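The same chain A turns up in both complexes below, where it pairs with chain B and then with chain C.
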Partner chain A sequence: MRQHKGQQEPYIVFDDVSYRYPGSGHAVKKHPYVLKHVSLTIHRGEFVAVLGENGAGKSTFCQALNGVVPHSRGGRMRGRVIVGGQDTQQATVAEMAQQVGIVLEDPEAQLFTTSVLSEVAFGPENLGVDPGEILRRARWALEVVRLTGYEDHPPTALSGGQKQRLAIAAALTMHPQVLVLDEATSQLDPLGTLEVFSVVRELNEQYKMTIVMATNKGEEVAEFCDRVLVLHKGELIAQGTPREVFADTELLQRVTIRAPQVSQLALYLAEREVPADKKRPADEKHPLAAGCSLSAGCSLSALPITLDEARRGIVQLMRGAD
Partner chain B sequence: MKATVQYVPGKSAFHRLDPRSKIVFMLLVTFAILIVQNLWVAVAVLLTLVLFWGLARLPFSVVADLGKAMLGIVVFLFVVQALLYPGKTALIQPVIPRFVPFIGGRGQVTLEGVLFALLLSLRLLAMVVVLPLVSMTTPVHILTLGLVRLGLPYRLAYTVTTALNLIPILQIEAGVIRDAQRLRAFQVFEKGGFLDKLKAYPPLVTPLIIGAMRRAQLMAIAMDSRAFGASGNRTYIQDIRMRAGDWLFIGFSILYAGAIVAMRFLVR
Partner chain C sequence: MNEVFQRTATAVAIEIEDLEYGYQPHGVMALGGVSFAIRRGEFVGIVGHNGAGKTTLLKTVVGLLLPTSGRVTVGGVDTRQTTVADLTTWVGFVSQNPDQQLFAQTVVEEIAFGPRNLGLSEEEIRERVAMGIAMTGLEEFRHEFPPALAKGDRARVVIASVLAMQPEIIILDEPTTGQDYRGSRQIMQIARRLHEEGRTVLVVTHDMALVAEYAERAIVLCRGQVLLDGTTATVFSQPEVLRRTHVMPPQITQLAQTLPPELGLPTDALTVEQLGQAVVERVGQRRTDVFYPRTDVFYPRVPLKCRDEGRDV
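Showing the complex of A and B:
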């Protein structure tokens, strides 16, 4: 099970943050705020997922981390967002860009040059970094995202996964401490998603980068994340480890989020197949969990079921049997 | 419109020129074209620009596509100038048959009007051809750098060159929207009449504009997140340098534009 990281001072602090977009006060009278009284902390080196249905406020939350909200989007923000000791409302977006890198959902909208090298150099060039230093950073960033050798390729010729990895590299050359991914894998196929997640995990584990990822892909959250934040209509309604969050079926139904399939199976079996007195002791790992990358967020490891019982359960689940 | 004016990689002498010399050429020639008054001079200018196009080894199909894209404007010019230009040699008179009540017997198409419309069309086509000579032989980031080195603020230079990049993106988006319409049996562009096609443009243009605005908003967020415009001393990993050949080309451009201007006064 992934251990909760970081006992240092919190690196990111949301202090009773509420935000509404410009003009929304008239358009939506009852609920003009897209973030409402959000308070939380994130420690350096944590890998945090932000879950929520469409319109929950995930993108706004992500963009609040680097000051795009409210500087570029306008609107009204209450409370404070502190990142690395900097108040995002006091610092400019350019200053925050050196603390927080962001990767957006649409690969096409965030690549604006004609070569991979010029794409990753774009950010440091804007900051006036020495060209020699820019090239050094570019080489490092392309190596981290496994795009070495693609320097002269046009970004338009890359696959979806490669484009998002390029977007990550373009953020890395700014030397951020935090990487924010705003549904960065929603438009990717499973292979592209895996490519992006493996790069992000390496950044988190090897380079101790803090990762904040807005997503609805439960399997990846269970495998990679230390902590899950759940947003619903702009409010932070739950946070905890993936296991804690995905075990709360009422919560998931309320916010229409799907738990990882293996968790759904485990809960289904727990309700129908296994008597309570046959539960395995908490410290004894189930043989099926050994070597399974999803075991960290999985309730299955707590159940004393055999492979045959699991197969029967899966078949019943797929048939929709009661 | 299929024409795209995006960069086409190549190794011609035109490709190797410094962007500043090419920009100066484009500005001088555009200015000179604007004051051409003689039809034969306009034909000569257009033919020399097409020759440059060949020297740059750019595909001539783009010239043809640009011409087709200008067709609507050219037709409009012909109609307006032929009817309204104060010429003396009537080709068609009256334009409106006499039997038409109230307005019958009016209007004339003159030879001078037709020739003036032809001159305007050739000038327009020449101006449209000279810009791609620069944009198709220069990578966008080099073109931006060229504009900056000529004194344009970086933000403005980037805006100008980004607009060039957006044209093919909008063409692709328009294609996607039309495919989606065809999938719902909307085939007006293929089978409809002129008025039907005219009415079909709002359902195409509206989502295109909304999509473009959304994309622009996301691009702005991404650019802000990479400190766009943050420093007054922006650096560049790739720099440009004027060579002897660039200065010679600028000298040639001045002579070429000067010759076109001189024709304005020497040839009537």
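Showing the complex of A and C:
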């Protein structure tokens, strides 16, 4: 996990946002609002993960960032969403598209041309961008996602990971300030998933691009993201660093989100009081503090959430007690 | 009925010999010479990069695709010699997207559709529906409209309707994609129960933690060929080979593999429990050398007056 980068400029603001989809079907009556009083701030250059169970409102949240909710979906929205100083309800979807790029779960749902190059050129072409500039942007975007050399390939001939990276490139040629990824790695093989996460991190670090990523991959979130938002039944019920969220056992009991396996191991050991350090007063609120298994300094901040931390912790634990 | 007897008698559920499959006459071969056999009652995970041929392989087993060359036999019968309809009573197929398989007005009707098409009596149909619902825990949704259910529940409806056919072999194609953690677990628990009942289970997934935890054997595909085939422990012990097909062992296995060997922890641990237990044991062993007061053992409280030599406190 990375340290906070200290950017304090609020870029995305949700001000008491509630939203319901149109229609009056059975499902709608049961759960009228899919977002309920969501208020939050995301700073420029942050890499934020959105976690939550199916039906928590993650996709709706993502689509509220580029105005597709409510403009294209209809329904009713209360409160305000501000992105880069623009109120999404005042701006059109086309205007928002120049600020916010979005990549969906199924890349095939957003790839439609016959070559990789025409795919990435489509967005800026529609903005009337100068052809030379389009080509420059296209080359840059394909380089960023490591698809240089594939310009003439049909998108259908690419692998899943490549398709997903192409969808990202197509969003990049619009020069967005914010990149939103909605479960963009859920269909990918393990290495493809890692590729997408690392490309996104590069964009975040090199271009200070703000990233919002709805995902279920706890291990990658722990490794790559600055902050985690947890949605539950339309409400924002927690936010914090990956470490804070994955160590919050009460939260994890309430919402079944997937913590990294190494954090699960720490929890497993803590429940069995390994090591049983009797000198340390048990902190009832946080069981790990009573004897955090994988680190000598047993405190919340010592919970391992990445592979390297866990390795160090175990070595220390096994050798330290000798 | 003869055919049924012949099938149940065989110990091999699926046998694949030199299977090749190409989607177009002159296109790339999706499968180029795959051979393996799956015994009855095995729980097999099939993994590999996007486009490795996993789904194609599954479709040849259920008879939706016939081999370009080579042979696929299910329960001793060549898929070329039989029909897809006949195979459905032997192999249940849960496709990647549950919504492609849902069409009825209620959950009960959805599950009853298959058995009804087998020409079973109403009573038998009712029994099978009840069994399917019980196995998947869908009691509360009996009369719901399937598309209105949550994604995890929709997937379970499809599984229930497949189970109502009472297939010997159950095939799940990426059942956990798009499912949250709870939904994934629920589906894998159902698969485990079916396996415990003696059925053959095949699961295609990109989630290696689930393969490690639930499957006994892993078949690793790469560009239409079998790269590795063995127990999950053997397969995941070869991270370098797995990388060639864009697969990595689960995080906990990666941790176990990179721990210094002198710690005496299992380097092939597949689950959090396995590695956790080993740590608990090792740490416990070391502690037996020294006196270590345990809080979980009941030490009888010594009456104060004994300690104070008769003086009553």
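Here is the rule we go by: the second predicted complex is superposed on the first by the 265 of 322 C-alpha atoms of A that agree within 3 Å, B and C clash if a C-alpha of one lies under 4 Å from a C-alpha of the other, contacts with A are read in each partner's own complex, and residues count from 1 in each chain.
In the analysis below, contacts are C-beta pairs under 8 Å (C-beta built on N, C-alpha and C of every residue); 3 or more make two chains touch, one makes a residue touch a chain.
Here the structure is a predicted model, which is why all the values come from computation and not from measurement.
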Which of chain B and chain C A:L191 touches, first, second, both or neither: second
First, second, both or neither for A:E205, with chain B first and chain C second: neither
Partner chain(s) touched by A:E9 [first = chain B, second = chain C, both, neither]: neither
Touching partner for A:D130 - first (chain B), second (chain C), both, neither: first
Partner chain in contact with A:E143 - chain B first, chain C second, else both or neither: neither
Touching partner for A:A170 - first (chain B), second (chain C), both, neither: first
Chain B versus chain C as contact partner of A:L265, first or second or both or neither: second
Chain A positions touched by chain B in one structure and by chain C in the second: none
Touch list for chain A against partner chain C, complex: 25-27, 52-55, 105, 159-161, 183, 186-194, 216, 219, 256-258, 260-262, 264-265, 268-269, 272, 274-276, 278, 293, 307, 310-311, 314-315, 317-319, 321-322
In the complex with chain A, residue positions of chain C that touch it: 48-51, 145, 148, 150-152, 174, 177-183, 185, 206, 208-209, 243, 245-248, 250-252, 254-255, 258-260, 263, 265, 272-273, 275-276, 279-280, 282-283, 286-287, 292-295
Footprint of chain B on chain A - complex, ascending: 63, 66, 68, 71-73, 92-94, 97-98, 100-102, 104, 106, 108-110, 112-115, 117-118, 121-131, 134-135, 138, 167, 170-171, 174
Touching residues (chain side chain B, partner chain A) in the complex: 7, 139-141, 162, 165, 169, 215, 218-231, 233-238
